[in-house]
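Both of the next two complexes hold chain A, though its partner changes from chain B to chain C.
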Partner chain A sequence: MAMAVRVCLGFLIVLLYSNFSTALYEDQVGLADWHQKYIGKVKQAVFPTQKSGRRRVVVSTEENVIASLDLRRGDIFWRHVLGKDDHVDQIDIALGKYFITLSSEGSILRAWNLPDGQMMWESAFYVSTPSKSLLYVPANINLGKENWFLVFSGGWLHAVSSIDGEIVWKKEFAIDSLEIKQVFQPPESDIIYAVGFVGSSQFSVCELSSKSGEVLKHNTASFPGGFCGEASLVSSDMLVALDATRSALIAISFQSGIINFHQTYISDLVQDFSGMAALLPVKFTGIFAMKTVSSIYLVRVKGVSELEVLEKFNHPASVSDALTLSEEQQAFGIVQHVETKIDFRVKLDKDLRNGVLKETIEMDPQRGHVQKVFISNYVRTDKSHGFRALIVMEDHSLSLVQQGVVVWSREDGLASIIDSTTSELPVEKEGVSVAEVEHNLFEWLKGHALKLKGTLLLASPDEIAAIQAMRLKNSERNKMTRDHNGFRKLIIVLTRAGKLLALHTGDGRIIWSLFFPSLHRSEACEHPSALNIYQWQVPHHHAMHENPSVLVVGRCGPSHDALGFFSVVDSYTGKERNSLKLAHSIIQVIPLPLTDSTEQRLHLIIDANLQAHLYPRTRDSVNIFLREMSNIYRHSIEVGKDMIRGYSLQSGCNLDVADEYCFNTKELWSIVFPSESEKIATTATRKINEVVHTQAKVIADQDVMYKYVSRNILFVATVAPKAAGEIGSVTPEEAWLVAYLIDAVTGRILHRVTHHGAQGPIHAVVSENWVVYHYFNLRAHRYEMSVIEIYDRSRADNKDVWKLVLGKHNLTSPVSSYSRPDVMVKSQSYFFTHSVKAMAVTATAKGITSKQLLIGTIGDQVLALDKRFLDPRRNVTLTQSEKEEGIIPLTDSLPIIPQAYVTHALQVEGLRGIVTIPARLESTTLVFSYGVDIFFTRIAPSRTYDSLTEDFSYALLLITIVALVAAIFATWILSEKKELREKWR
Partner chain B sequence: MMKRSAEIIAFLLLFSCVLPSALAGPSGPGDGYTIAGHVKLEGATSKGFTPMEKSNSKVILNGGQRVTFLRADGYFSFHNVPAGTHLIEVSAMGYFFSPVRIDISSRNPGKIQAALTENRRVLHELVLEPLREEQYYEIREPFSLMSLLKSPMGLMVGFMVLVVFLMPKLMENMDPEEMRRAQEEMRAQGVPSLSNLLPGRSS
Partner chain C sequence: MEKGKGLARKWAVEFAENTSSSSSYSGVPDPLGFNRSSQDLDDANGGRQKKDAEAAWKSQKAWEVAQAPLKNLLMMGFMMWMAGSTVHLFSIGITFSALWQPISALQGVGKVFEPYKDSRVDILAPKLLFIALNLAGLALGVWKLNTLGLLPTHASDWVSSLAPAQEVEFSGGGLPIH
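Our next item is the complex of A and B:
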């Protein structure tokens, strides 16, 4: 009997737990999540001229995205994210309906259908020597005839059929070490001209037959001064090049096979020239553009020996490509900064003195300088030409300017987020009602009646639409104040361009933005770049009147020893509160778990000389720090040297000037991996703000296991040096992966395990007392995920569940890293189907809720996988008590449940990171994932056990209560009657 | 199913010498090979998929080393792939594809073998079909009295109805003497404690 009850109970538990997914109904999309699509910083843009494509623009970006955008609103028509090494070099439009891209250093040519982005064909070229690639699409392409594109890449010139991408002919130039700079075909001619340089001092012109690629003529002439390699074609028989010192221009004419050089010093042409010049890759006839340190010059070529400066633009400015308006008329655009505004001018090449168009546009100062401009024209109603410009700004944003106004802007810097943090919103003040939530009781009831209809699936399509609109409009989630559940926050992100943006978690709108380079650019700091953001001040008790703030750490140059800068930004307003130029470099920033009396968090900055600097620089913080200094350790991972070192801190610095905020580091330990057999691939540590609810784990049979919970646990994975490359480069015998668990204070290796026949890429997460890592198993040729759980055995005898339950247990006994740990390790491996791009673990406010792993798959989706699937105690045959505990029977691979994708039917293209933020409601975690797109949602790993869900039907509850009350009355009346009858009897 | 596979094997035996390297072959002057295949999204039209979604399907080599896209007819190819063992994954929203293990032999140039890693099925032609369709949303159950009754509120009402109408009936059917005995027994045992009701303790 008892057995049967047990079986029943076990079954019930399994049944309860079997519904793992926190799945979504289709009509719940957009209630708690939002998704924003971006493309990244635009590199090239082409405007289709054919009638059908007139309202769009096709672009390629630095995030390897190609996209077609709507010119009216800036929306994406279609978009493709190419592989991470598949950089787009050249783009063009052919036949009015194909979008041609040349990528991967000129080795892949693809044609896309312009209206819908379907790939039409793809062809690959063999590239022997990397070089700049060229794509030439003949302008006067006829639709009926077969036409060829010319592609020069890696020493070969290919002619490619425009219909199916077949290579018609190819010609090698690498033998002559000729590097082609320009390829062109004069209209109505069968001869292709290829001009380029041989070595550094010879100029070469090749005439090829367009039918077969046969070399008809080949002329070479040498120039003693040498070339730097940059050249600009000004007409069909003339080229302008820069000499090796970049201080002189060489005009080269190659009419009918005779090559003539003429050298002009730039200093003769322009005044106060110094430094180096560069040619801008813009295509005008008879004009070329030259860039010096301070300005951009437009120079007209009148003859071989005659150059004339037409115009000079001071930086920051940008010149667009030439736009052909008619047979002999070309136009180009110039954008220049005039204080806070930008000046957009369009000029015709025939009449340079007077521009066609001059507009001054107000631009957001948080966008920085103009980087690129692309222009297109349209015909106005009075048959004159109108122009619009696509402007790429320094913060990677893209704007369309037309008739003096910014028509739309895209915040495409968000495609390259490098770091993020969160901030709480202000507390709602009393007496200030932020939104009138529900107007009156009648409206409220009506809304709920409608919702009830929806849940009972009795609603008509119109009503369903009304319900959906009502839910999405819910003003509650977009308020600018703190909410009870902690769902409303600000996500503060830092982009690669150096822009700080605050996004509201309710709908993802931008609350404020701050652009760092323009803020910190100065003589001493020419190329400021922001590195990371940290929490600086999170007011809790003491400084409640203060706004929270974040710390942005940056560097003045690209090298590691460049001087750093600090900036403290108010999280509510986005204003810089104060900034600081540091006198040292920044290698590592360590946020300490200490705050000063104004609740500013203490940070240690390690510079290139391994000295630690304490911030904020106040007496108060030094006093707090000195008290805790003996407990503060740091470690550094030197990937190149395959070494891990641990340090402690000491007072006093060996600086010339005494500095009480500077501390010395002393090496305590080091782990050197044998470089011939191991190479550091990945490291992972626990999140510093992670909360662990309980140190003990009660397993079946009322036994207790103690988790080895240490903040200093460091996971390191090394691979065989041979197997450090991609999959497919090694055999299983040559590959292995070694996983280490290291105590970062003492350098003690707690556990070491070798996986033979395994290789990277490795993704790992460490949480509580476990680590999960994903790698490739070459023997099975499948991906694998392993889990290691580490338990403390030194306290194993101290187990009494009742003591633990009653809180009488002595868990406060000090745990020191220096006491010799007696640990026990359990591990297990499972197959996993997909490649992984990023991995994270859910985090909740108190750490009570069970954990889920968030896995960013190769398909750019985020999968939530319950940690219980990665339990090392899973077994093929489970005992009764283990079944009751909810252990899942062992399977060789981890399940992929489509409903468990937190991104549901969306993709976070180019996924790079997943961040989890605990909400105040214990059951809920906020998830922010970013890549080219950004996506936010909230998930409840064990369902929302501590609150009613949003679609809880109050109406149904009301009906139930009414029904129950009615039933009580009915039965009461009935019983009264019955009693009366009995009495009468 | 059995019969069909037997047919395939017979077909292979017959034509094994004629079967060309439908999968691949050396290409151009490079040292690599070309992997060419075909992705079949069956039922894509029946489900009302627009060509837009099909154009967003990607084929990924070696976990992101290279990415290519499907052509309108579903074909794809990777060029200049070195000999060795590779992995191909297909990413198409709404479908679950098994990764494919591709072996390019270096001794026997151009010989390529393919197998699904999920179920170790050997592919004789690189035609990739989804193992299953993926449904990302829970489906709302159509309205039924059962689901209403199963909800907590339904259970509450149901239980109450049960108690109100069935309990008196049960009491009526009970033998008065038996009832008295049971009441006495209860009094003798005292208040039943929770631990007594737990199944573990009773045995």
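Our next item is the complex of A and C:
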């Protein structure tokens, strides 16, 4: 056995030496991988009206994406993902061909070319005080002459040239502490009006010269009731604001420099008003929209003292911005829920009683409520106006509604995945019909004949294309059943909106989806949000008739002590099997390494009072848990307090009602980091389901080292509090990084190492007996990656062959953390070129295959780096035996092999996480990476040594065998004949 | 050995009546100076000598056969030296043939020495030599196997796929959910 392994290893090493990376050929792209592009929840949308842009819409989203979408199919024409902190505040279209964005709290203004998304110019403004930013693009813009955009941000008003983004003039308002709410320029006028509030009770109007920014007039008037800061411009000389208590409306007219206030209580205007009101930021002339707890009101302003409620829409509803149809006609859209359907109406501002359009649309109930609506018009063949609406739903999806049907919808919630898990597919059923087999057989033969032609280089270009098409839409990939290699699975993801979606690994299509907020919204639970997903039941041996299921935990509110809810979802059907309102909060969920008799995993939920609640709540699970309770511990990392605490569990809770599923926690140990010199930056643990094949590591000269393999290893990295900021904010002398390896049961620090002059951000990954972490070295001005491998020295003397042969050793007997095993550590650091966004390690079914690190680079790609490069035993001069072992000679930096990009030519924009899932085939790992985009592929870190490649030509093999057998027969017959002839001679 | 037996006369029947003349078979007197009995005696003497020679030849042959593996051994040694100490197809082939030859020779040790079996020939010593030499050849093969690192003589060979020990305790938790 060992011999065979040794021989195999020898061959493997030879193989590995020849191939460091497993790159793809061009025609293999898309065979095992898929990539989906998303944009995230749409914040703002504008419809270009110029001819060329008619069929598009440009949007900005909460994921800092700006994109141009095709209105017919919903595809992305172009898309830009801005930086993480570069939130888009305002967008607009200028001159019909520029798309203007104002981002980063109003400090960056950019102009993009509408057809292709090229950036035309960019200008940055100095922002002294953070404030809401405003962008004003004059409507009467002339193509010929230079026009100015007005940008208010951080106390300054800037006029920016539309040609090159130069700042023409700027005016500071921060001195007067004037916060501008609206900027506008009446048509055909050289005067710019800027209106705003000074403090909380003064209203101010500025008239500026549009040429120079000079203040022509400045009027201020104070209102004793105070303002809350919200205001809506209803005409060029009138504004509606809310007072400080948000219970009264103040109409402000500022015609020709005279400021008049008129207060109207909302309760006078509408019945049964209570609580607070808010003004919706929609732009109508003469009308404003007001939102209360239960409804949205449209109010017409006839004069300063005359307000009239036009219409009331009960929640959930949404009102679009006004759309100018002609000089004096404006239209707006309203979307309202009517039971399971949604009601879309378009009205003209002149004639509010009768709508222009009224459509009822069937909408998927898994999309929740309407959040936003944007409308645009088109001219029908009979010259009348047609309308279409872009609807943003609660699950962040985007749909286009036209003529009463949903033309397309995009599942943009997938741009904000927060957690993921996987599930197996159902086992294939017996009884496939004969006709199907025959058909398949014919197809199979035809396909193989084609492939054979391709292999023998006989195929014409058309046939090559056909072969490629056949490979790409291989139906095997997309079946809804389990496959032998374990490549087909369901990836279950949870989005920030609270939607659970199951994606098929074959092509990434959505199998089912479930929207939690609409499922759990109730009186007691007003703002439900889903937090995490866990594996609840994975039937392996018992309970095979049951479908696997996942557990979703959520909270009823944003605070930590909000009550939790609990939902078990069937992985095959996406139906909620069981749901539970918890009587306690959730601050931690601990999946235990125990399952009950129906293979439901036991979970401990820790509430805000540090009490542990056991789920599932059955007698069976309690019995199993009580048996193991003395060996179950809990640790919690308190980042704010720079502390780690360890707890044990005890029966009985101090609750009013006796609850046998509730347990108390008792503090056992704590590690307190000195707050003046250390601050917790990153923690990492081993994945709970990681499989380790062996505890021994065979090193050069047949020597053996025993790995310290423990699932309770906790890696904690702390940095100097001063150096917690951005790279370069401190000198190397002030920055340091301390890495700890901690046993989470006893709180024992297994290893501690300090890197001087090192700074975060730190990314770490723990696997088997090693940890790899990435940080910035301020002295070398480069990123660095360090590896720590930890070995058990107390086992090192197990070297007597006879004892091992006879099995008289204690290497497999259970170990306790309290036995304080003596550990030994090897470590090494290497330079690395890239900064890192996410880091993961490959995982295989049995843990035999060598590991690769998956690094999400700054370019939003995933790079596979062999763990062998991060071996602490690498040395400049290697002995013969070390060379045989496959140790790579020491270099100061880690190589980046272009072929080692798992994502090949694609980018996973806004990369946030990489998940690895073992396939059933030992050599292969499934990789799922997500950000704004999602990407899936499978990789084989040591190549697929346990299977033939997919494009292996079975037909060629078969033909070769047949030909050989035929040749044997022919030569035998010939030789017989010859012999006979010889004998007759 | 059958040939030798045919030469020896074990018995004789004298059909002639005149027993007085033992010198003649058919009344024809023997030539002068011919003494039949002495010739008979000579004949018997010659048979014995032949047998001795044969036995000597056999034992010599047996020794030769017994020493044959020595040459083989030297050749094998040379081949092994040529093959080097890294694992590849050639060295594996050589090593396995070096192991296989002595084993098959030892299996057929009885057959090899069968032609030389004689009551007067001692084939035990050559047999022992033969076995010893083959064992030496086997040892050489094993030694080669060991130098190639294919023998499980190290601790690492026995623990390389030993599963990690089970842990008694479990600690869960980490960062609180936010």
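Going forward, the second predicted complex is superposed on the first by the 905 of 985 C-alpha atoms of A that agree within 3 Å, B and C clash if a C-alpha of one lies under 4 Å from a C-alpha of the other, contacts with A are read in each partner's own complex, and residues count from 1 in each chain.
Keep this in mind: a contact is a pair of C-beta atoms (placed from the backbone, for glycine too) under 8 Å apart; a residue touches a chain by one contact, two chains touch by 3 or more.
Note that this is a predicted model, so its numbers are computed, not measured.
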Between chain B (first) and chain C (second), which does A:837 come into contact with in this model arrangement: first, second, both, or neither?
first
State whether A:348 touches chain B only (first), chain C only (second), both chains, or neither.
neither
With the two structures laid over each other on chain A, which partner does A:904 touch: chain B (first), chain C (second), both, or neither?
first
Partner chain(s) touched by A:693 [first = chain B, second = chain C, both, neither]:
second
Looking at the overlay, does A:163 come into contact with chain B only (first), chain C only (second), both, or neither?
neither
Is A:278 contacted by the first partner chain B, the second partner chain C, both or neither?
neither
What is the shared patch of chain A, the residues that chain B and chain C both contact?
2-3, 5-6
Counting only contacts in the complex, chain C reaches chain A at residues 87, 92, 149-178
Chain B-facing residues of chain A, complex
2-3, 5-6, 9, 21, 23-27, 29, 78, 80-86, 107-108, 110, 113, 116-122, 124-126, 456-458, 726-729, 761, 776, 778, 780-783, 833-835, 837, 858-860, 893, 896, 898-899, 901, 904-905, 907, 956-957, 959-960, 963-964, 967, 971
Quick one: which bits of chain A touch chain C in the complex? Just the residue numbers, please.
2-3, 5-7, 10, 531-532, 553, 560, 586-593, 604, 606, 628, 631-639, 646, 683, 685, 692-696, 698, 702-704, 706-707, 709-712, 714, 744-745, 798-801, 804-805, 811-818
Contacting residues of chain B [partner chain A, same complex]
27-30, 34, 51-52, 54-56, 58, 60, 62-72, 77, 79-80, 82, 84-87, 89, 91-94, 96, 98-99, 101, 117-118, 134-140, 142-143, 148, 151, 153, 156-157, 160-161, 164, 199-200, 202-203
